[in-house]
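Here come two complexes built around chain A, the first alongside chain B, the second alongside chain C.
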Partner chain A sequence: MEKLYIDAKNNIPLIDFDPSSGIMLLKGRSTPENSVEFYDPINKWVLDYIQSPSNETIVKIQFEYFNTSSSKCILDLLKKFADIHKKGGNLKIEWYYEEDDEDMKEAAEDYSDIVKVPFEIIEIPEE
Partner chain B sequence: MAEKKQLFATEIQVLEKYQALSNSSEASKEDVDVALKDLCEHYEDLLDQSKLITKVSDKLQNKLNTLNEALGQKNTELQLTIDELTKARLSRKAATYTLLLAVLLFFISEGVLDPIVEAFTNNIWVTMGVKASLALLLKPIEGVIEKYLIKMAMKKTAEVVLAAA
Partner chain C sequence: MIDYLALYDKMRDNNIMLTFKGEVSFELINSVLKIMEERLDLVETSKKTRKKVYNVLVECLQNVCNHLETGEYSTENNLNKNALLIIESDKDNYHVVTGNHVAKSKVDMLKARIDEVNASDKEHLRDLYKKILDNGVFSEKGGGGLGFIDIARKSGQKLIYHFTNVDQEVVFFTLQIDIPRTEND
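And then the complex of A and B:
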């Protein structure tokens, strides 16, 4: 399975999914013109990946900002990763937020409640 | 609208599946029980999604409001700075015009006023008094020129704003 890499732009986050190491990185701003169109190939890649995931999957998320439609797409994506956990696989979700960004911290808690996977919520200094 | 359909594609699929089942006369009680349980799970999931999306949307609105307020404040500060800079520029312009006027008045005084005054009196204090009066007039004249320039600049700005609107 090939690596999935999408470079970050002003309105799309960095996507760096490495199936060999199991590290999946999402970082930046997510306000694409069409969120479904942007997240669709990512969802498809994850669906393939969860068929035979790495021994340990670490999803590292560091969003600066995301719009409403992205919030739904991110949820759908996390649900797919959560399937690894449901099937007894080794899944770790690390959610990074910049200090004082309480909204991002709360968003992590909400996502964790919905996908029913504990998140490691990590505060980082402002960039 | 097309995007919303795609965004909730899974949910729409579930709805259509159970709408078809509810319209079917062949569904057994067992089918209905299973469907109801599944539908409840989907409903719970959808409710969670609604909560999350509403929360995210509210937070975005709050962020936008805060940014708008900050932007409004910055705009006011910027406008004040622009006004001050314009005033300073116009003051300098008014000072230049006044200086030119002072030079002109000097020549008028030397060439025209002095011979007229001297024709009536030889008293040097009268000549000096006329010159001093002219010199004292320069400051109010500068003020008038400055006010006129500011008025013209404001009129020009208003025309630009109206044209843009």
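And then the complex of A and C:
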């Protein structure tokens, strides 16, 4: 399987998914005009990946912010990754938030409640 | 003839950071956001507040834009994509105001949604958000019902709204969001 790499731009986050290392990075701002359109190919890639995932999959999320339009797509994406866990595979989700960003910390907790796989919610210094 | 100096003074006295009246598009909103980001960097020392204001702006302005573009709150004849945007600040708060035309037939639904959000405390808002987030209903571009809840959660304030009669079919809907300025960090 090929890596999935999408460069970060004004309204879209960096997407760096590596099928061999199992590290899946989402980083930056997610405020695209049409989230369904943006996340669709990413979803498709993940559906493919979970057929034969790496020994360990680590999803690293570091959003500066995301609009509500993205939020459902992001949940959808995480649920797909969660299938790895359901099938007995090794999955970790690491959600990073900048220190003092209570809103992002709460968002991580919200998603953690819904997705029901091991979530590590990690505070990092401001960039 | 408009007294431009008086207008300038009034805007200065009200600490109006930005106003816009015209047709909104995604690109236009991006430009507004860019200007606001730069302005906030200059005038607001608290990073926490800057982030909150920016977050609310993104959500609020994109919402107006999306709804005007899809026309779901417009009447059949009135696909008016013009909106009013005002952002101002005072000692204690930032105020974000949006105004746009809406079909009278949609007023009750809009009102009900905002009233529900305003009647909810923090915990209830969170539960409401999670419930809608997980309901699997995607609107055309994604969000599907989360906008007002998100804005209320982030600002921590009640959403203030008005419906003003324009004609038999149309009202002008204004939404005001207050974002408190936190202590300097």
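Simple rule for what comes next: the second predicted complex is superposed on the first by the 127 of 127 C-alpha atoms of A that agree within 3 Å, B and C clash if a C-alpha of one lies under 4 Å from a C-alpha of the other, contacts with A are read in each partner's own complex, and residues count from 1 in each chain.
We adopt the following convention: a contact is a pair of C-beta atoms (placed from the backbone, for glycine too) under 8 Å apart; a residue touches a chain by one contact, two chains touch by 3 or more.
What you see is a predicted model; the values in this text were computed from it and never measured.
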Clash or fit (per the criteria above) of chain B with chain C on chain A: clash
Chain B or chain C, by number of chain A residues touched: C
First, second, both or neither for A:Asn10, with chain B first and chain C second: second
Partner chain(s) touched by A:Ser71 [first = chain B, second = chain C, both, neither]: both
Touched partner set for A:Asn34, first chain B, second chain C, both or neither: both
Partner chain(s) touched by A:Ser20 [first = chain B, second = chain C, both, neither]: neither
Partner chain(s) touched by A:Gln51 [first = chain B, second = chain C, both, neither]: neither
Shared chain A contacts, counted only where both chain B and chain C touch the same residue: 34-36, 67-69, 71-73, 75, 103, 106, 110, 113-114
Of chain A, residues touching chain B in the complex: 34-36, 66-69, 71-73, 75-76, 103, 106-107, 110-111, 113-114
Residue numbers on chain A that touch chain C, as the complex places them: 10-11, 31, 33-37, 65, 67-73, 75, 100-101, 103, 106, 110, 113-114, 126
Touch list for chain B against partner chain A, complex: 3, 6-8, 10, 45, 48-49, 51-53, 55-57, 59-60, 63
Chain A-facing residues of chain C, complex: 26, 30, 47-48, 51-52, 54-55, 58-59, 62, 66, 126, 129-130, 133-134, 138, 140-144, 146-147, 150, 153-154, 185
